[in-house]
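Each in structure tokens, the structures are laid out below.
Look for subunit A in each of the two complexes below; its partner is subunit B in the first and subunit C in the second.
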Partner chain A sequence: MSTQVLEHVRTLAADVLGVRRSEIDVNSTPRQLDNWDSISHVSLVLAIEEQFGVAFTPEEITDMESIGRIAELLSRKLNNGNSH
Partner chain B sequence: MVASQDFLRHSVIAPPREATSREAIEELVASGSAEAARHLAAYWQQHKSPAAAHFVVGAFEALLPQPHLIECRVMILRSFTVEPLIPLLRAAAFSAGIRLHVQISDFNVYVQEILDPESKLYRSKPDLVILAVQTADVAPQLWRSYGGLTSEQRAEIIAGVADQFRNWIEVFRDHCEADLIVHNLQLPAVPSRGLLEAQSVDGQQDAVVDINRCLRRLASEHSGVHILDYDGLVARHGRVGWSDETKRFTMSLPIAPAHMVDLCEEWMRFLHPITGKIAKAVVVDLDNTLWGGILGEDGASGIQIGPEYPGALYLEVQRTLLDLRDRGIVLAVASKNDPQEAMEVLATHPDMLLRPYHFSAFRIGWQEKSQSLREIAAELNIGVDTLAFLDDNPVERERIAAELPAVTVIDLPGEPVGFAQAIRACPALERLRVSSEDLQRAQYYDDQKRRQELQSASRSPEEFFSSLKQVVEIRPVSPSNISRIAQLTQKTNQFNLTTRRYTEQQIAAIASDTEADVFAMRVKDVYNDNGIVGVVILRYDDAICEIDTFLLSCRVIGRTVETALLSFVCERARERGATTLSGRFVPTKKNAPAADFYPRHGFAAAAKRDGESSYSLDLRDGDVICPEWIRVL
Partner chain C sequence: MEIRIEPYAREHVRAVRAFNERLQTRAGSAFRLGESPEESAPLREYLALDKAGEVRGSFGLKRQQFWISGRQLEIGNCQLPLSEGIFDPTYANLGMVLLRHALTLQPRLFCLGMGGRDKRLPRLLTAMRWTLIDIPFRFRVCHATRFMRNIVPLRQTPQRRLLMDAIAASGAGWLALHALQGRLPITRSVDVEEVNEFGEWADDLWKRCADDLSLSLIRTSEVLSGLYAGPRYLRLKISQGGVVVGWVVLRDTQMQDHRYFGNLRVATIVDALALPAAIHTVVQEASRIVEKRSVDLIISNQGHELWVRALRDCGFLPGPSNYILAMSPALATLLEPLATHQSRLHINRGDGDGPLDL
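Our next item is the complex of A and B:
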């Protein structure tokens, strides 16, 4: 997982969840952030997909249990050069 | 646009709106700069993505309160997931100066929301309600297993769905005064019956189309109810790519992430007219906007306009502007050009579609465009905030955006091939209905303009007539013109020598009489085709040709075309072997303008009886000469 990808995900998550960037780090989880509910989770996934031109499987979306995990799944997709 | 600015455009400045980064905007927002909102709006225009939406909305909210924002409460009743679209909608609305407060009904309870007078819908006192339901939810039998339906079942389902919508709309109107936008139903991308669909006359697609037709009728029967052509929107972007099947099945989101912004922009097209964020006039530049090239350098013969590329691109721009005018939107010109040269092109260039009379105000000269826009708004007696500005030059656009931020600046792409589309995409130019007042306004300005032109051009009447370049077509009565001929005999009061009213059947009877002729006259001029504006009916009795009817629509009075028509009559009467042409003037309360018609053309007064005057012209030595400035076809 590249730092660059992690930073991108942090920025997007801060925008979508409406919190400061400093409140989010690699270990942040939905449980720690009040705004991170199922609806904002969908919005976050859509924002990432649209921004990076990737598409996650339903299983991957369920698996996104922390900012670090999201960045990891995204990195994997970007490295495979495979958006679907 | 002038040469010096052309230089600027190509060399130095990328306009600031393209240069503002997210970081720069964050700084502007933090410092509370008055410029922040404008740069945020530009940022949104460039990015328009789910990722950018959250940032843009957050930044706009940090700028609140902003007194100029229009507040609007929206309630969305839906049968699918719309939550991820809301930040995009709010970002687009903020950029347009509208602060949206959006509420969303719970999933699939839209029917209860509408029917229960105590529901969240009515308690929230919305300004606008959007009813967004899917075909699969409201007409599941049409969406799935269609092949098993009999034509009776099909008709029943269509009527049932239409009745449901009717009931919802009527109940809604009883409880709520808000505007209501109803999404129409989407056609299936691939019909259930495959190829069989196209072979049948009562197919699945047609059934949905039938329901949509009912919806349009319902909307027309209720004020403030508008149809959003959701199926048309999906079709424009491609039915197959519109939905993302994974999102549809896992999130009940039937719209692919990349298309979410398209639905939001469609909603915005309604929000502009609903909240009054509209442009009443479009102020257009000339060089490289209305035509290709620079008049001052290329000359009237060197500019690009006409049916061939690249002139066709600019013709398309003109056609698009004409469409706006039909919507009641006024056109005006603000150009840095030599006024005489520019007006000459507008009036006389053979390939121009737009003519001077299409425009209601002109500022052609060397002053700043912001000044021109202020003056045009004052002249038209409308607010500067109701102007839209169309200019190919990004530097001019940026200046107007900075100096007159209330003006709608239409963002044009670098290449003219995209100009017409950019105009059509501008939501401030949308209307939900066109009142007769709107249309009359444009007409009123036109008349005023035309009168001014007549005055200023009258160095001599002959010169003015010549500049009109009138072409007259005189044709015998035919199925294509007979109803217009009858209509003119019934409606024409002023320039009507005998005021005899005829029905279409009576005209047909006269036309079939071998001892009579009926002719219609069409007049075209440099401005436009006036259509059929003159009628003459002749009756022959041996050597006498009697003018039964001679009339001219008031549209063309005072332009000497009556002389051309009378000249034609002389010729025709001679062909028929007449030696005397006789006519009469029957005075009415309104036809004084025609009183001296015959004496003015050399006819001798023959008799006067009961107020009627008879005149005659001896065709053996008398004649009526067609004016040299009129071409007769």
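Our next item is the complex of A and C:
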């Protein structure tokens, strides 16, 4: 996982979830953040897809259990050149 | 998190029962999956299963042939997406997973109903960039006193209940509604026949009507016979000068403690089709027939502007609609520009999962 990608994801997540960036770290999960529900999760995924020009499969979305995991999935996609 | 999505099969029945139990006890949800895969046919249900084989979410998909902007295409009605994410944040991503998976099965999807834009599913679909359209709701009161005493949304507080009861007792409610609604217009030379089935006449009518519709279920006799068989439906064929000009399907239901209609006897114009010039006549005659049956209230949701206008002209009043059409991006694209096509969406209560609680 790229540190730069993680920082981008933290910034996007803070914006979508309406929290301070300092409240989000690599281990943040929906259980810890009240604002992270199914609707804000959609907004976060779409924001990442649009910003980075990628498309996540349902299986990848299933795997997005934490900020760190989202950043890993995104890094993998960018490294594999999976942009559209 | 390991989740796999599979069609509902007999081996899943135990896990489905446990899922239904959790939905009820942990989320207070009235929604439940059928306790056999066959229960919901022709709806095909899909389950989101975790590593242990427990059900954590589900959705239903009904594939239908639709008429869209001049051509016939298969689209999918996505029904009842359920996720444990509604009570367990561990599964917060599951709603999107289910809908994205449904889109892989059929990209042209719609959801219908949903109870209002403030509900979770419409909000989720909005976030996923689906197009949402309110399908207008109209009603005609037949018995003002019973309406005032039973219509739940107007009787939510003790003060409102007192007020409505007072208006009902005074007769002022009847006067006001009579002034607003007026009498049903009269059309001469119209024949209304109650039918038990849809025949070739329905196929002919469909061919004559289709081009005026931007989006419609293919309303042939075969499809209609499958949807509206049995004694729960009142099927009317309307003719003028010996020519079939329209049909309408109604339900006449005595409600019991209904969340909106209390104990009113409610007639619903569930579905209908007519030549544009005959739509007013069809609405008039359908309303006249059910008024004679002593219903308290007639209701309808209609998407097509000619049907909305006909309801208005027959004294149906506008009400708040919680009946929403949501279209996936791939489906909405076929109706661009929406401003041109929206007025001819032929969507009503017969679509989607049908008039379940009516």
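Note that the second predicted complex is superposed on the first by the 83 of 84 C-alpha atoms of A that agree within 3 Å, B and C clash if a C-alpha of one lies under 4 Å from a C-alpha of the other, contacts with A are read in each partner's own complex, and residues count from 1 in each chain.
Assume a contact is a pair of C-beta atoms (placed from the backbone, for glycine too) under 8 Å apart; a residue touches a chain by one contact, two chains touch by 3 or more.
Keep in mind the model is a prediction, meaning the values are calculated, not measured.
In the overlay built on the shared chain, the residue A:G18 is in contact with subunit B alone; subunit C does not reach it.
Legend: residue contacts after superposition of the two complexes on their common chain; A:D63 is shown touching subunit C, with no touch to subunit B. Shared-chain residue A:P30: touches subunit C; no touch with subunit B.
In the overlay built on the shared chain, the residue A:S43 is in contact with subunit B and with subunit C. In the superposition on chain A, A:Q51 contacts subunit B only, with no contact to subunit C. Overlap of the subunit B and subunit C interfaces on subunit A comprises residues 39, 42-43, 46, 57-58, 61. Note for the complex: subunit C touches subunit A at residues 1-3, 5, 83, 85-86, 89-90, 92-97, 100-101, 104, 120, 123-124, 127-129. Residues 29-31, 36-39, 41-43, 45-46, 57-58, 61-65 of subunit A are the ones that touch subunit C when the two sit in their complex.
Note for the complex: subunit A touches subunit B at residues 12, 15-16, 18, 39, 42-43, 46-51, 55, 57-58, 61. Every residue of subunit B that touches subunit A in the complex is listed here, in rising order: 49-51, 53-55, 58, 81, 83-84, 87, 244, 246-247, 249-251, 253, 257-258, 260.
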